[in-house]
Amino acid sequence: MRRTIRTGAAALAAVLALAACGRDAGGGQEEATAVAEGKATGEITVWAMGTEGEKLADFAKEFTAENPEATVNVTAVPWDAAHQKIASAIAAKQTPDVSMIGTTWQGEFAKTGALDPTPPDLFKKDDFFPGAWDTTVVDGTAYGVPWYVETRLVYYRKDLAAQAGFPEGPKSWDDLKAMAKGMKEKAGATWGMNLQPGKTGSWQSVLPFAWSNGAEVATEDTLSFGTPELTEALAYYQSFFTEGLAPTALPDGALEPGFVKGEIGAFISGPWHMGIVEEQGGPGFKDKYAVARMPAKKSSTSFIGGSNLAVFKDAKNRDAGWKFVQWLSKPEVQVKWYQAVKDLPAVQAAWEDPTLSGDTFLATFGDQLADAKAPPAIPTWEQIAAAFDVEVEKLCKQNTDPAATAKAIQDQATAIGTGA
Amino acid sequence: MVRTRDRVAKAVLYAVLVLGLLAVVGPFVWMALSSVKPEAEIREVPPTWWPETVTLENFRELFSRLDFPLYFFNSTLVAAAVTAGNLLFCSLVGYALAKLRYPGKRLLFLAVLGMLMVPGMVTFVPQFVLVSNMGLTNSYAGLILPFLVGPFGVFLMRQFLLSIPDDLIEAARVDGAGELRIFWRVVLPLCRPALATLGILTFLASWNNFLWPLVVATTEDRYTLPVALALYSVGQNKTDYGLLLAGAVVVVVPVLVVFLFLQRHFMRGIATTGLK
Amino acid sequence: MTSAPAAAAPARPVGAERSDRSAGPVRRRQRLRRALTGWAFSAPFTVLFLVFMAVPVVVSLAMSFTDLRSTDLRNPFAVNVVGFDNYARLFRDELFLRASVNTLVFVAVGVPLTIVVALAAASALNSALVRFRALFRVGFYLPVVTSIVAVAVVWRFLLDPEVGLLNNVLRVVGVEGPNWLGSTTTALPSLIVMAVWRNFGFLMVIFLAGLQAIPGDLYEAARLDGATRWQQFRTVTLPLLRPTLLFGGVVTGIGYLQLFEEPFVMTQGGPLSSTLSVSYHIYNQFGFGNYGYAAAASYVLFVAIVALSVLQFRLLGERS
């Protein structure tokens, strides 16, 4: 008897608690508040991931020199599970003042209401690469600013490309295909090109082709994967596999050694691969390879990624936090930051510095950054991307029809929604 | 006749065991050997076995970038506290569940088993919000308290304690000993294998725990070793395998030390001494 | 003194005889004392358990009946209660169903296999025939403590279709091995073998403890009665090992139903979701921010775990 009463009471309490739940229709644009004038004061807590986290504390000493009443307290956070850490901090309202945020997380965190809108008096949208700025915009408001960027280029073996008849690298879609073929047939490579055949992150290799073909793909409000432009791009992507130019099952870790040995002629990746490939290839390898812009169809558009900086609404020291972010966005500071950690600056003016414009490879990255897009900052993007990856895997490994693939992606994306 | 049969059995047994041993130590040996290889060689496909170039660079870089003593201390403190807590409290409850009679005992055991079966991930965020509302973020208490006891330990001790003969306990009770004294003096010494097992498994789990310390600590001085190691080796787009493997070797050494120390207690004969 | 095995003595509850002799208030006082002792022993555990474990479980269960997403984390009450909607959606979710099949296969094959291997290893190491037991004990436990990264590299190499050890050995006998991790039919079996390899050490340690608790006199007695080693195993070891076997079975079953690390590191759930496990699917859903949905999936998994454990308790539990 007692037990029934007790369970009954517990159930009632649970029902009442649940009854207290309910969504109200909300959302829409948020107004940003201006930041107070003057130097920064007080303690500024910052979270940053990986190498950035390691080096930022030291780097920030210049900021504290200019703002003697402020101290910057940096906590380095591992990339592994950083997303979970920030989400948990938001749930428990234990956020720092400033945090580094991956571009694909921006939509989700902005929608939680935890991020502070970017104050328009401190930052100008046009200072940054357009693709990068777009990653901070949710529902028409910018939450945070881009900090550093990365984009994808075609890495190729100069010697093999020359033998294939493309000493200057590929310029168009046809060029790329012909070069891959030539590398295989005339230069003796096992694979002319390495493309990611589905699985996590393959969308970052496929969408540049879609964008270069004029496909809109997705905006904050619409999802349009079922277009002929995307189908054409998928067909092009698939053809590398069906024609035996790209491997469908390259073992993990085999890419860099393969590229160095000349077994793999080309691949698509970001700036970090320069270091890996040169370390693997040893001294002198830098002369054997080159990077080229994404091959052009209607345009030569690539993917832009990187990280943004955001200030939290629950920040204890909001104004100083924004001032610190503003300092990090100065072109001179962006150049110095590149010199410290090799992160490509998100501020366009920084690229005029000879450190960046003087290096041919870097200059190509800078060139591509002007025409690089990112997916919309919607909270459901990761889930849509996962569905995209699954369909692409079928496309590459099971030869499914590109139009059917595009339709399947569109159907799943519509079911997932934009999380509005 | 028996002797030859014995010898053949012995030979076969040894052969199987040695083969088994070779099969299991492979990755561990590769991990240890590769931690002294340069990054490029680690990435070689097919993987090399013996290092072509031996370099201590990975370890040097690890120790210079990492405040090793701090993180080692944090990990040791947390793991030791959690292990001690589990050994003590889980054996207390296990004994009560196995040998004592009291109301609500069955419900408690069912709750323990139920908890054991709840998939780990689902309680993570609520647990963190709870701990932070208690003001325990970024503290050793926050790192230790949620793990001080565990359903696994209770289940293990209870099962093991079931097999302790009741006559022993009865005899002590007849001699007028209090329950706690019986537990401490009579029962616990018989449990050395189970305690050693629980100790090793709890220590290992706590030592390697990654996600909780990462989320609970808001400043680096409360990070544990696995968190700090991940910080330096895994990047947004690339992984530093040299550091990762050096870190893995560094992390595994204390666990092996604890294992070597405790495994001596899987000794035959302790359980039999009480029966006379 | 040789006697019947200890388990034959009835597991009588504490103090039962005494209460027969006294009456009324003495009995009540004794019952009170027993209850207090029992709860005193259980108190530290129970308090910590209720606070740090029970509360989060209740909260997350409630979460599974809502459409809570990660974007609601700052305002967790501003969500819609959707009842069993999440649960219903799960069973229409192709990926979840695929993951369930994969996980069930994994458990059905992996659990018995791991138990057999672990028991064999523990018995071998417990036997007086073997020297250097410590070496073997540490060795067999190594896979449990080796970094999953190292394990992944070596296993990927082993199973590599071109340069891998396994296929090269098969080539010697004229068999052309498949692309173990790249084929939808062989990927899951390969992961099962890898999981058994990785986890049997953990179970072996537990079985060793259980084997050590069996008094040597019993084997002596059985040997004097003329039993062979196998018969000794069946009549002395197995029955006395029952609680430990039950424990091992339940714990391994629970662990394998939550298979995550192996597919995560080796195949990322592929190829084509043939190695996607339920836990991995849940992890992905949490990653996407679908907290309510992921919680529902977790509790479905919980039901499966309970079902398997109940089955094991029926088969191996105490006969009381």
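Assorted remarks:
In this document, chain identifiers A, B and C correspond to the written order of the chains, with residue numbering beginning at 1 in each.
FYI, a contact is a pair of C-beta atoms (placed from the backbone, for glycine too) under 8 Å apart; a residue touches a chain by one contact, two chains touch by 3 or more.
All figures in this text were calculated on a predicted structure; none of them were measured in a lab.
Chain pair with the larger contact count among A-C and B-C is B-C, by C-beta pairs in contact.
Summarising the inter-chain layout, the chain whose CA centre lies farthest from the centre of chain B is A. The distance from the centre of chain A to the centre of chain B, each centre being the mean of the chain's C-alpha atoms, comes to 38 Å. Chain A and chain C have CA centres that are 39 Å apart. Mean C-alpha position of chain B lies 15 Å from that of chain C.
Each of residues 45, 125 in chain B touches at least two other chains. For chain C, residues that reach two or more other chains under the stated contact definition are 73, 153, 160. Residues of chain A found to touch two or more other chains are 87, 91, 93, 251, 253. Residue ranges of chain B in contact with chain C, taken from their complex: 6, 9-10, 13-14, 16-17, 20-21, 23-28, 30-31, 34, 45-47, 89-90, 92-93, 95-97, 99-105, 108, 111-123, 125-127, 130-131, 145-146, 148-149, 151-152, 154-156, 159-160, 162-163, 165-167, 169, 173, 179, 183, 190, 193-194, 196-197, 200-201, 204, 241, 244-245, 248, 251-252, 255-256, 259-260, 263-264, 266-272, 275-276. Considering their complex, residues 1, 6-7, 9, 11-16, 34-39, 41-42, 44-46, 48-49, 51-57, 59-60, 63, 73, 121, 124-127, 129-130, 134-147, 149-151, 153-155, 157, 160, 163, 197, 201-202, 205-206, 208-210, 212-217, 229, 240, 243-244, 246-247, 250-251, 254, 258, 279, 282-283, 286, 291, 294-295, 298-299, 301-302, 305-306, 309, 318 of chain C touch chain B.
Of all residues in chain A, those touching chain B in their complex are 45, 49-51, 53-54, 73, 75-81, 84-85, 87-89, 91-94, 96, 102, 150, 251, 253-254, 256-258, 270, 272-273, 275-276, 279-280, 282, 307. On the side of chain C, the complex with chain A involves touching residues 58, 62, 65-66, 69-81, 153, 156, 160-161, 179, 182, 268, 270-273, 284, 287-290.
Touching chain A in their complex are the following residues of chain B: 39-40, 43-45, 65, 124-125, 128-129, 132-133, 137, 210-211, 214-215, 218-220, 227, 230-232, 234-238.
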